[in-house]
């Protein structure tokens, strides 16, 4: 994976990790985390998202919120690719414990401008061991 | 145990159960639950408190809150007897899982006016099975 | 049948207020009575008149306020919980020497006794929280 | 060393704001710098000027306000989170046509970019929440 | 008369469902709402606990749909209700115990 | 450089401590604060998990005292720190990961 990033206004590129461990709708953390990620994308930092534990539920396909009277915000995840947020690490063990597979998740992609705008998947299902080393590698960790 | 109660202003006595399942200080629920119990005591209903799961931590002896800058509200539990709130059911299994015994809890008592003001313990350590039947017996259950 | 409803969390952060709202609408639609909706803990934050949620989102305090007007509901904010969290009506703000107030129409501020009284009067008391 | 502090829960209900406050005092006592305290989610409720806690309890919004004045701290309430929850300063209240406002001295309202900027500028970002 | 228990938190991260199931009487009912609905996903440890309970288990359909949990994923024996069904369950039992 | 993890919730009711311990690297540190401090009570399942972790484990003394958990109840190997110690730990590690 490429880590070439433009420098931000402060002339510094930090590795920002947004950790998502909570389910959507029961609490607002998932929605407001996504709002931070979308705003943060303008700062040209090296951004990753981690989906651990119940956080993986944020990415389920087919969310329909009409009956609970709350806006379905899951389509906003599809916009992440346009904002150059392309590294969504989803923990395999978390999926499995919850009876989910990658097929239950939305199909999120980004277009690689360095490679003839090839469409690439944004979701990277990783093992807990891989997640550990991704977490170790960060400069700033924001948890929701 | 005696269930003779005075009738309230509405001419009805209901069994009110306050369920405490949360630890003190990390959140305000324990403190604000106690405020309800103290106000509710004026209504002459048949009042019980249940301490289940982390709720048992509310009753630990020797709480000293100076360093965290939050008021120690545990002494207010000692006032419950004066308000005729005398049934505090504490679940034995919840204590054990948390490495606690009855000796780690405050010594809470009430004075039995029908028995020459004899001092009696308010805390009744009960098994999970007994807790189940206490819960089954209630008319109004308020959870905190 | 008479219902009392207790809401223990504020708007938006937890689903509790939304679920209580949907539940209350169903209680009324089925011909039952709501003797009171009591807002405790952070639940008092449902009674603010200063909320400005995004246009495409629900307006939780306004929705409660409108439901109360349509159905003559008694929506009570616990005074002790409200003072601690900065929810004051005009009268209370005056008494406390504050230059602003923030309780929306349709809610009233009162004591914890109103919660116990609701529990006594109602056939069922249902709590929504976290 | 430069610290950024993030507070994600409101006053009194969760300990997060208290812990952040004790942490902030220690950061300053040890001679470090606090580039910003950013209040997000229900954390924006720490910035209310209408709280009237019991006399024998701590006054969380006042304590933050005083700490900010003594140490020239930058306390920022996220505008999107604040609007949703009914936390408005005088300017924002005017813009929204509201007759009251409730932000205490020492806090300012600004955008989420201030959180990211703090994370970039600080050597350490520490989050307190639930 | 029996009691209706509600559980609103995910069983994968919180013990509320487990504690509730340990405290229900045989003729009680349990209704899963909000994030509690994740407890019904077939094949999980939570659904296994539910299937062993003598109590009747219900789940709020609106909360399932919101979370993208299709009905084909709901464990056998769990009944799906709407908010009207929630009201009926509350009316049918003598008290409601919310496992907050 | 390694990471400081903080856990602020009771391990008896929430999975945050367990999830944190499953994600720490060997040279990381874990600091238990607020209701997280219950994790150090000797003889409990939580303290057992802690003792198996390669990471250094710290607990905030003020939160222990507030909850009436005496130092004699603190599991072996856990170091007690105050808020100044919390700041030192944050300074010493390259980033802080709060398990909210």
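Quick notes on this one:
All chains are identified by letter, namely A, B, C, D, E and F, in their written order; residue positions are counted from 1 within each chain.
Rule of thumb we're sticking to: contacts are C-beta pairs under 8 Å (C-beta built on N, C-alpha and C of every residue); 3 or more make two chains touch, one makes a residue touch a chain.
If you're wondering where the values come from, they're calculated on a predicted model, not measured in any experiment.
The fewest steps needed to get from chain A to chain F, moving only between touching chains, is 1.
Contact with both chain A and chain E is made by C, F.
Summarising the inter-chain layout, the chain whose CA centre lies farthest from the centre of chain B is A.
Here the CA centre of chain C is 26 Å from the CA centre of chain D. Note on chain placement: the centre of chain B and the centre of chain F lie 30 Å apart, centres being C-alpha means. Chain B and chain D have Cα centroids separated by 35 Å.
Counting only residues that touch two or more partner chains, chain E has 8-9, 12-13, 15, 34-35, 62, 82-83, 95-96, 98, 100. Within chain C, contacts with two or more other chains are made by residues 8, 12-13, 15, 19, 22, 41, 57, 80, 125, 127, 129-130.
Contact with two or more other chains is made by residues 21, 25-29, 53, 67-68, 70, 140-141, 143-144 of chain A.
Here, these are the chain pairs in contact: A-C, A-D, A-E, A-F, B-C, B-D, B-E, B-F, C-D, C-E, D-F, E-F. Here chain E touches chain B in the complex through residues 2-3, 15, 19, 22-25, 28, 94-100, going by the rule given at the top. Residues 19, 21, 29, 52-53, 128, 131-133, 135-136, 138-141, 143-144 of chain A touch chain F in their complex.
The touching residues of chain B, counted against chain D in their complex, run 25-28, 67-71.
Considering their complex, residues 21-27, 53-54, 57, 60-68, 70, 72, 74, 97-100, 104 of chain A touch chain E. By the touch criterion given at the top, residues 6, 8, 40-41, 80-81, 111-113, 115-117, 119-121, 125, 127, 129 of chain C touch chain B in their complex.
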